[in-house]
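Think of it as A, B, C and D in the order they're written, each chain with its own count starting at 1.
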């Protein structure tokens, strides 16, 4: 049984049919990436899994349990954590408060403190800025905070939405290293990326989305070799 | 069998019913009779409560079949009935009147026990509840069209019953029959001659109407109708021929028009007939009630059938024909509006006047709120300024008496000293300009603010204007709390044409035309402005201010203009208001007016002119007609605002999506989304 | 929502700009120049008035001004408590909860039934503290119930509708609530009983009588007492109730401040205020947080209602309207969405309102003209209120 | 486009002309069939802030009058009388709407009301045109009877008279020479204060401070500080009970105004004011038109019936005026009504004329004489003082003397 199974989901924004039957499988311990162009439905897929834009049809199974109709805030308690696109950290909360927000559903103070230490060892830059407001951090730091915040929820599966967006190349590298490191700690990751090359390089599995449908699904290294993928998403002529 | 939703919904309904009962509503409405000697308003209310609960609970189990619907409907109504019975028991057991003060004068028990003892009254109430539930369940199981016909005709019959005294004398039965007959003949002839051109059809209608007019006129002159008919006892056969020819022509013109005109005509026919019946019976007795019910039921049954045919006829016509018909439709609407006061009577006309004033204001506020997206909560300020400008300029005042207080002038000298006194026609443009200037003056400091800041500042401005007019410090100009009295009514002086033609637009009938003209002008200006460059700029600002600025729109200028135009319309409304009331008092300009105008444009559908009209009819006209409910009018108003917004957040008639606004959207630069 | 934290590079002036430069910048805006002229004119009028009155042989005594300020502070505290409710809801939903004034009214009105019961049963005299506590609790509970119902029925279904729509339902709910109270409880004004609440008999040896040779003192009457006080060499007659109201208001604001800054639910509120979607990704139940916000605001308004009624005695279904509007104005002056701003705005407004007619020599009928004029003046210089962040301009 | 608008305008004009030509003249008389009812309209503020209790008083006064006199007898036949109460909201628009409503109901014979002066003023032209008659129990604005309305009558004393009596009472009986005035921004309060100010200054007294409050405001302490600083001996208040009670309470408890006398008019007379002001009501003066001694018992009996029937004390004094107004109308109907074949016909013009020329009508408020301008009030104004328990005792009576003068006599005891 896979950790997360998405079966043929359809999602609508008003009258717009955004997802037209997407199916994804994420195995325990893997990094799975969704790539595709703008508007292909990558972020919508994540939002649908999280319960923010519930699916009109289809099923989402976590450990074989149906979570399709579970409200967003309860999905979090089951260990499905999203780090949203555009580094949506709380600008007017301090770094510490941001991290505390990540652990909102948990009540074990000692464990939370331990996790915070863990986040700080992974992301030492945050520790220096612990009392600063989120809004005063630089772009890369904000992204790190967003990831750190997600980790505070002790995710079983971490959904990362465009973690590299708008970052300088050097920082992108750093972020991807962090993601890989997290995965090595045993956290399963579903990664949505525009930067298909780097995503596929660290991922086990890859899905190519186009206009709300899965166009290709394969092992990440095979996708890297796929001509069409190379041409369309890796920028090779 | 029993749905869990039944208990929940039933207890919600019961809670509402109990709450209302504790306000003493049953006692208060018990004296008002809807059907003479039989049905009181409180019975109607009880029926609405019980059936409402029954309908609500039964509709939840619609897919489970009729038995389930009946069962749950009965249960739902019974819960409400039991709740009311419980209140009665409590009322009799302990003294509730300290807390629920209204029960002192209007106790629940005597009304809801129907004059029986408490125990048998409660049993009766429960039996009635079960009955009401069963009826509701049964209603739900019949086809939805039949249900609608029943409910709508009941509602309309009840409203005729409520307004009995005011509308009874509007027209007589012979009048109604004659008008409907001629209208129907013209209509049928036109349908039979569909293959001919519309002008021919119209001619046929006119001719038939004229013939009937001659015949009826002859009979009438021979004393055939006694004194029963007002139309037919009009002086001279010629006027009857003209009137009936027009009615016949109207009938033929309606034959191939769109749905709305058709429906409207049918409503008019229905009301004419029912008022005729009422007039004939002289009171809302059982016969009248039944007949009126039948009239309305027939009407609603006919409506979809006739309109479907009519629209298909309309669609199948060649294009130029269609245009001619559309013109006809407009003309008919206008004609009906023009002669409406003749039929409506003074009270209904005065309500129309008030509605009209609010339409003028609503169209103005719509420019600021609907077009440009500026939330203005103090619109009454401009209304007040318009009224006060006309008030001070058309009466002896500091301004018109060369700076001398009129109170210091001997009565005989007033005409010689106060030479600055203007007529309404001279004063209203000034009122409009003053309001516009006030809009600009207020606009300059506050238009930098956004959204809710603007709302509270404008609200404050409204209060400032009211308090200044009220205050003793400005009494010499605005009259303080005493206001300005004896404002002359507008006068149309055509004595140069005919010595008898001097019309004082003081009565509800005459001012109606002034207001109608005001509406036509404001609607026209607002509509045209909407499609100019300025209108596009406004919509761009509403969509996104930053983007609008990026597109090169001068925000300050566009916003100020929007403010000023809206304010000017309100000023016009105020000017008419002042001279219509012939007196102005600061207490007429409370924040409730602003709220009313804002609410009516939002309920009608922000940015839509027909929406403004519908909103005004609902929020201004309905409460006036329901004056009967006295204390409950405002409560109903508040609840209505909530309910309509919950049911239709976009308003009742949202504006059509204009191509222009699409252009604005597509022109939005990419960075706007980022 | 609540934050006074500085926003980098958004406020002008903070970093190294000289005073002269700032003045020049101020003068470049014609509107602000006009505002400045008005301010100078007002100050001039006040001075004229002070000297003029003195010349007329009716000097404005310092004692009188201090007393008026104290009255204003008490009234302002009530405004502040109501304003906090507006500000909390605005912060989290960006909507004007127009019906909040009725929440205030319901606290005072339902509180009346509690205190009336206490009076009838004698509890009010045998154990005044308990009776008052019950009254306040009942008032707060009523206000909270009304607010929760409001949120559930009139606002929640409209989340995501255009901004004006919940405003209209709020106005509708406000009218409906007023009318329901009016019709349920009658149109006659109800009057709170006179309460004498004696405290600290050891400390305040007032109203003493000698029984059997032993002097027994009742202590200070916090609500209806009126005492001569020596203050800075001045003899002042004061009622402690004004200070009680003021200190309770400050206390409640401090508690609120603590809740919002330090507790988990408070942090969740701030998170929801900033970004509802992301907050739900943190596992925050957004609906519940919004309801808690309404509850907090309503509890304050309910308490304010009872306090208000304790010293103004009359309660009626319409009593909420005027304080409601003033409180909302106060919230805007302070910078809506900002907790200390609301507090400051309320007090500022209260004091201005009671002092200004005297100082400006205007009729008190024009009190509200001054209030709203002040609002416009403040917004000319600080478009987002005194404590408002420039950042929030974007949101408003 | 402009041409189209012109077309519309011409059409409108033609229609207006047509309507004017067609509009039926108001029926000059009312007919009531043998099985019908005589309908009396009643307009008062029955909803809204603060004033609704006064409106209810008025409605109940009329109801009590009809309880005593459920029928009118003309030509030996009894016709039952019914009341059609409508809400005028105490506003000009409300008065106008009500007037339009009544005149389009041909069965309404005459109207008790409207309640407030602004409503009276707006309603009068419409009633004039339709030939209807009204008797207001509470429209006290002085200029209503000088505006040449043919439909307007009042069974209540004009503010002009009440204010003059009050001024003279303060100056002569109380012997005070400096007063301050406060009004509540209503047409009633402001009008009254204007009269008092003018009369008091004419008598030689001085008004040392004048201010106004807004209805609904609660904190008058700052204002009172100002007034107290001007050191008046008395504060005259034009307004209603809620604001009056607050002013008295704050005057006595919060500012050093304990010694200043407080006086109001009929707006603060009745059961509501002492209920609101509590013990602070003691020593407050009010004024209102009073019954002659002969009627005192009858008035007390009426008030007792009111309390018994409705379970509450009347809020203000106007139920008595309303009782009188109703009876005046019923008298008039009996006087001018004509019965033919069992059908009652009341000529509106005759009704109006009769009402305007009533002489010696023995009402509860006194003997009413109508002077032809619509002024029908009883002559005497009583000044009362509240005791600690909220009860009233008369301290002086003002009545018209010769030459437009006023005689104020202090009662003994």
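In the analysis below, a contact is a pair of C-beta atoms (placed from the backbone, for glycine too) under 8 Å apart; a residue touches a chain by one contact, two chains touch by 3 or more.
All figures in this text were calculated on a predicted structure; none of them were measured in a lab.
Asks: Comparing chain centres built from Cα atoms against the global Cα centre, which chain wins on proximity?
Replies: Chain nearest the centroid of all protein C-alpha atoms: B.
Asks: Once you count every C-beta pair in contact for both, which comes out on top, B-D or C-D?
Replies: Taking the two pairs in turn, the one with more contacts turns out to be B-D.
Asks: Per the centroid of Cα atoms for each chain, what is the distance between subunit B and subunit D, given in Å?
Replies: Here the centre of subunit D sits 33 Å away from the centre of subunit B.
Asks: Can you work out the whole-Å distance between the CA centroids of subunit A and subunit D?
Replies: So the centroids are 76 Å from each other.
Asks: From the mean C-alpha coordinate of subunit C to that of subunit D, what's the distance rounded to whole Å?
Replies: 39
Asks: Centre to centre, by mean C-alpha position, how many angstrom separate subunit A and subunit B?
Replies: Subunit A and subunit B have C-alpha centres separated by 55 Å.
Asks: Scan subunit B for residues touching two or more other chains and write them down.
Replies: In subunit B, 101, 104, 467, 470-472, 631, 634 touch at least two other chains.
Asks: At least two partner chains per residue is the criterion; list those residues in subunit A.
Replies: Within subunit A, no residue touches at least two other chains.
Asks: Two-or-more-chain contact residues of subunit C, please, as numbers and ranges.
Replies: Residue numbers touching two or more other chains: 187-188, 363, 365, 368.
Asks: Just spell out which pairs of chains touch, all of them.
Replies: Going through each pair of chains, those in contact are A-C, B-C, B-D, C-D.
Asks: Of all residues in subunit C, which touch subunit A in the complex?
Replies: Going by the criterion above, the answer is residues 1, 3, 5, 7-8, 264, 267-268, 270-271, 274-275, 277-286.
Asks: What residues of subunit D sit close enough to touch subunit C in their complex?
Replies: The contact residues of subunit D facing subunit C are 49-50, 52-53, 56, 185, 210-214, 216-223, 225-226, 229-230, 241-242, 245-246, 249, 253-256, 272, 275-276, 278-279, 312, 315.
Asks: Using the touch definition up top, name the residues of subunit B that touch subunit D in the complex.
Replies: Touch residues, subunit B against subunit D: 97, 101, 104-105, 165-166, 169, 230, 234, 334, 338-339, 341-342, 345-351, 354, 467, 470-472, 480-483, 485-486, 492, 501, 503, 505-510, 512-513, 516-517, 520-521, 524, 528, 581-588, 624, 627, 630-631, 633-634.
Asks: Across the complex, what residues on subunit C touch subunit B?
Replies: Its residues touching subunit B are 31, 34-35, 90, 94, 96, 113, 153-154, 157-158, 161-169, 171-180, 182-188, 325, 328-329, 332, 336, 362-363, 365-366, 368-369, 371-373, 375-376, 379-380, 383-385, 393, 396.
Asks: Quick one: in the complex, what on subunit B touches subunit C?
Replies: Going through subunit B, the ones touching subunit C are 19, 22-25, 99-102, 104, 369, 375, 444-446, 448-453, 455-457, 459-461, 463-464, 467-468, 470-473, 591, 595, 598-599, 602-603, 606, 631-632, 634-635, 637-642, 645-646, 649-650.
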